[in-house]
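Please see the structure below; I have some questions.
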Amino acid sequence: MLDQLARQIEALLVATDSPVTLNRICELTGCGTESAEQAVLRIEAELSSGGHAMVVARLAGGYRIVTDPDLGFVVGQLFEGKRHSKLTRASLETLAVIAYRQPATRAQVEAVRGVNSDSAMRTLLERDLIKIAGRQESPGRPLLYGTTARFLEYFGLDNLEHLPRMDEMENLLKLSADDIERMASELSGEESDQIL
Amino acid sequence: MLDQLARQIEALLVATDSPVTLNRICELTGCGTESAEQAVLRIEAELSSGGHAMVVARLAGGYRIVTDPDLGFVVGQLFEGKRHSKLTRASLETLAVIAYRQPATRAQVEAVRGVNSDSAMRTLLERDLIKIAGRQESPGRPLLYGTTARFLEYFGLDNLEHLPRMDEMENLLKLSADDIERMASELSGEESDQIL
Amino acid sequence: MSADSQRACRINIEDFEGPLDLLLFLIRRDELDVTTIYVAEVADQYLEYIREAEELNLDIAGEYLVMAATLTRMKSRMLLPVERALMEETEDPMETLMRHLVLYKAFKEVASDLRENESIWRDVFTPPGERERYKEDIIETDPGQASLLDLLLALENMTEKNVPPPRHRVRKPLLSLTDCVNVLDKLLPANVSRDFADALGKNARQAVVVSFFVAVLELVKRGWLTAEQRYPFADITIKRKEERWEVNA
């Protein structure tokens, strides 16, 4: 049965997202180095005698509690074939422009974002979040892009009309009048580029 | 002393980054529902008899192992400055209305509260406690909002049926459904006049 | 309750979450039951409170004043026998208000229950999860990894990022619809056509043009104005239809 100091330290080692040094343990619990070391040993003993799935790992100059590596075969499955990386900022921005302006050309996306969006577009195509939706009837006949059914699924939308409208968005994001003006001027600037 | 099944389940409940449902536990360990439930009870008993700093929490339809709330004063120090502030009364009231009425429009929330709830809704969206859940099929097609899984975790709820005062609130809402609709439609009428 | 004791328990209007919250407070303070209050009594209490707050020059949100007006109307109706007879056929507004108070009170109680849950679960910490220990280089996407809000914030972010290099131009905010309508009201005599661009002047700022354009669209929608354009990019001619515009209608 763990004593109060050991319980406190155990809580720290379970909840932390990076190893906790002995000094930090002492600082947070107000105990001395030796007491802390002893307590860690008691935690290890108690975890092991109870047959628990956790061990105290000594890592990078600190401690943390992790699952026993011999249970890796079960724990690994938890994360198998599953989501990991989030969309990057660049991808999200590109996706946002395409979602609201679709069908949109790459040049249009880049005009709004102000940077080359090649690789973001490629990622989105690979992830099946955007698709080619035809060609624009203008010089060079550039490809047009739109969002996919997967896009809707990804954001939990029933259909495209469920995307918040610009006015609702302004409400949500509390854009200042300045921002709105800026957006208006950007959009009009962009359009005049197309006419030329 | 935990048996092999309980150890495996314990490992899952420690390693996961969101609550694990009973079905998923069965799927990953190859055991039946009842065995899994029994094993969870054994884990709880073993953690408690060893005086450990962890408990099994039933959250958002699943299980996960968390630190004992009575050790919050120690663990909280680890995350000082990174923790969210408590919700304001306005946010809590708004959340209460959305939780029971969901999916609910902003006008419905404001009708019940009698005050503008714009900034509360924004905070709740930002903190991932509510989400956009479609559009209402009514004039203006306003956005609908619902609560998230994070909402359940934040308040330590297993599911929406565990909301406080469920029976009382359901009756009350049934009785005042018409009132709310009428007040909400008055409100959204007002809003359409303010387009900028 | 005497005027003195009322002063004694004066409370700040900022402590309330709106008129309903204040009403509930006044009812509770006088140990009344939400379902048996008398409109005249409550109205007097509420109005006195608002008056006091006004005397202290406190900033009173519009919702409080709307409620004050509603209560005054209710009270005066109660005092007029004819009106009262008529009202019996339709719903008693006091009944509606009481139901509203009961509902709001219930939500307030839920909110305070949630507050208790929050304070317990704020002290609960979860292990960080071991995803990274087991998976390092997965590039798949499942629903729920980015929220709609993320998408919107990305849009917002772009509007911040795309600020052009500083020019000699001061950005002015857009004008409100009411402002625009008031100006148009003066600018346009009834049944006279004017060129939209002329009406604003040659050197109108972009913000002004955008503001008025939106205002014109709104007035056309309401049927107060007509707007004509003979061909794309041609000048837009606007003409007043209604004699009087009720801006705040």
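When the chains are written out, they are named A, B and C in that same order, and each has its own residue count from 1.
Note that a contact is a pair of C-beta atoms (placed from the backbone, for glycine too) under 8 Å apart; a residue touches a chain by one contact, two chains touch by 3 or more.
Bear in mind the structure is a predicted one, so any value in this text is a computation, not a measurement.
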Report task. Find the chain most remote from subunit B, comparing centres computed as mean CA coordinates. Result -> C
**Report entry** Chain nearest the overall C-alpha centroid of the shown protein atoms
**Finding:** B
Report task. With chain centres taken as the means of their Cα atoms, state the distance from subunit B to subunit C in Å. Result -> 27
**Report entry** Separation of mean Cα positions, subunit B and subunit A [Å, integer]
**Finding:** 20
Query raised in the report: Just curious, how far off is subunit C from subunit A if you go by their C-alpha centres, in Å?
Result: 33
Query raised in the report: Listing for subunit B: what residues touch at least two other chains?
Result: 14-16, 65, 67-68, 71, 75, 78, 125, 131-132, 195
Query raised in the report: Could you say which residues in subunit C touch two or more other chains, in rising order?
Result: 125-128, 130-131, 133-134, 147-149, 174
Query raised in the report: If you look only at subunit A, which of its residues touch subunit B in the complex?
Result: 1-3, 6-8, 10-12, 14-16, 20, 28-29, 46-47, 49-54, 65, 67-68, 71, 74-75, 77-78, 156-158, 161-162, 164, 167-168, 171-174
**Report entry** Residue numbers on subunit B that touch subunit C, as the complex places them
**Finding:** 14-17, 57, 64-73, 75-76, 78-79, 83, 86-87, 89-90, 92-93, 95-97, 99-100, 112-116, 125-126, 128, 131-132, 153-157, 163-165, 168-169, 172-173, 175-176, 179-180, 183, 193-196
Query raised in the report: Residues of subunit C touching subunit A in their complex?
Result: 125-128, 130-131, 133-135, 138-163, 171-174, 206-207, 210
Query - subunit C - residues contacting subunit B, complex - result: 17-21, 61, 63, 67, 96, 99-100, 102-104, 106-115, 117-131, 133-134, 147-149, 174-177, 211, 214, 218, 248-249
